[in-house]
């Protein structure tokens, strides 16, 4: 029992590492299967194969869920924890959808994407990214706020400049927002663009301001990432130190 | 009277916070109404509803304006202050437009957008952004200057390369500027692009230089934002210190 | 004579500042005139006006050139200096083109753009930008080198993937370079794009690498700009210090 | 023999520098030849010329390879080193392809691109770039991981929003990935874009998140580059120091 717990919850032993890697591979297989299913004109043979892979995947995930439940020291805490809920949501759609008719299945299928969150358990990368987002949180919210105001003003402005020239494309402020999104992010699909001189000069002004706003989060996240790394390094150092001199410093 | 002033001007009390939040919601409702009005083919019923919401919004904003005027310690200072003018411009268009005919109304409607500036009163975010812009002001003006020169040179250059091949699109230096704006900001709508070998090589050169210029403000604003945050933090610290030891340090 | 020199070469006095501003306005008027001339279907009246403005501009610039020559302490040094050459090239095309026929004029007209460099004399902004470029020079050359290699490899790669599917667009490695330029700079006009699965996956890979390369100069220039500012500030501080204690420190 | 080694392996002497520069020029000539060969409708004369240049290039590269082999102190080490393999792969395709028929030649031709790696030997720039990538390696892998997850989720999302409206373009999750790549990198060719209101709002959300992720590597590489530069400078300083005081510090 204790040995099983070590295999499942820790990754210090070889068996634990093999277990972790297997689950990760299975998640990726599951996501690929999910994508392949959306391909048009699949042969019946392929569909049968996909069905079998799905059944196998769900079976293993169900076993994993019960194993994790059994070895968990605090059962309730595991079930209500983030990963407990994610693990359950990864398998539940399958069992629920087998009883009902096909129409509602499509919406349920999307729930299978919850499996992607299972990857987070193994990913130091996402944890660090998460930490970086927390560090830059205040600035990112500020950025979102300013971006929304900028988008709104840009949409209203282009609506007034271009509505008469292109009533079909800029038919309302809401339709103009699509232009504002594509322009301020510099994606510029080219399905909507100003044609009047006024609209083009306005676009230039909006872009001049937008360039100083829209790319800001990249800079924020980049510097937050390096701060997060420093934080981790200092924590690792502290842990190493604490291990060498095992005094009562667990309250840090 | 003093209690009313506290509710309106401060946000320490519960009533004050409720008041602030209500006004903010009303501003956003007002902006959404403004956008919905531009939708084509609105039913008469919807138009009536929008009209009623507008009347209600303006009434409340008018009440707010008078309340702020009444509780203000320096009446003249309030009326001529930034927020006093914004509050007035948020309601004035409505009263003026009710007397005149429909043609000029459309231009007036745009004035209703001034209400977006009322949000600034409550927004720590915009104040910090404003401070960041002040910090990076000199660099941003420099960037604008260099961008204008770059745009101008790019427009003249592409005009000489592409005018003969595409006389309709690159019909003058001014028309070429639209290409320069869409290209240097990397939006690239795709409505205007060079087709000659010379024009394409020139575009490459312009972009090589442009990439080193056009994305610069994002970096400037990002670093200015973090400086502004440090400044605020140190001010908060100083205020806390000043409150603990209430000596004469108000001149800072 | 000495008073004239002060007006022309320095901007401490009111007259000097007026002189500087007038020349700057004239440069901008001259650049606008240049652009207006490229407009199609100009009336004869407008063309006559433009001609007169050009003659007036060149006359004043000629006067300015001779005034600067006269007041210059080292005549030869002025004539061979950067600004001496720019001032001459700003007026020379006019005098040369009046004698010859119209065909070669168009190439000469472009030389009038040299006037834009006259602006540099008055621009602290461009001087700082120039200093920033010098600071980041080594990194920028490195960036250019890596960008060229990346562009070349991307062009060859997409040629092999897309040549068979779109022989007209990707007809050679050189033609594919246009795609590489538009893609790696994320302009994406949409006139050239991959259609095969291989080409699209290759595009994804190229963009993953490209995003780590192409936007780098913006970061380099942004940080160089702040270094240049610090440098200027410390120089100003040193100058102030030197003025207060007038010792022999001019060798710095 | 020792003199030959100095010429080939070092660049302190004039002969060594001439040798290095000649090889570099030859590499660039070779790459240009490679590109010119892909041009359609080449005259037979040009093709003959290209053939001769190729033969000359390969001959010199072969001589260079043998010279490097001869002067190398550790023969095996040279042959198995990165540059030894690159040098061999730069000439091998030519010798192998002369014996076989034309079909497989095209794939072999691509191998000639290995010559671009020969440039690395002479390039301080690429070495520094390489060092910068090593410094930021962990963050870059993290960025790749997050980008892949973001791309996958964006593809699945847009598939569900747009599949019914545009079954031809968004026919599966894999097809939708092409949209996700072009959008998240802000290239925006304009061949694929959402048309439904849901899809457009989803695009906006994806871009808001994407802007905080996709441009991050540029910031990472820029700061890593400056760290790499500091590292080189301190190494140069240490080397200079070590030369002045030749004590046993080689273990650093």
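Structure notes:
Letters A, B, C and D mark the chains in the order given here, with residues in each chain numbered from 1 onward.
Keep in mind that, in the parts below, a contact is a pair of C-beta atoms (placed from the backbone, for glycine too) under 8 Å apart; a residue touches a chain by one contact, two chains touch by 3 or more.
Being a predicted model, the structure only gives us computed values, none of them experimental.
In terms of residue-numbered contacts, C-D and A-D present the same interface, as over half of their contact pairs agree; the other options in A-D, B-D or A-C do not. Chain A maps onto chain D through a rotation of 90°, based on Cα atoms and reported in steps of 5. At the chain A-chain B interface, residue numbers used by both copies make up under half of all numbers present, so the two copies contact each other through mostly different positions. Ranked by how far their CA centres sit from the centre of chain A, the chains are topped by C. Rounded to whole angstrom units, the spacing between the C-alpha centres of chain B and chain C is 30. Chain C has its Cα centroid 43 Å from the Cα centroid of chain A.
Residue positions of chain D touching 2 or more other chains, listed in rising order: 186-190, 214-215, 218-220, 223.
Note for the complex: chain B touches chain A at residues 31, 34-35, 38-40, 110, 113, 116, 119, 123, 125-126, 128-129, 140, 144, 147, 177-178, 181-182, 185-191, 214-215, 217-223, 225-226, 229. Across the complex, chain B is touched by residues 186-190 of chain D. Residue ranges of chain C in contact with chain D, taken from their complex: 138-139, 141-142, 145-146, 149, 152-153, 155-156, 159-160, 163, 167, 171-174, 183, 186-190, 193, 200, 203-204, 207-208, 211-216, 218-220, 223.
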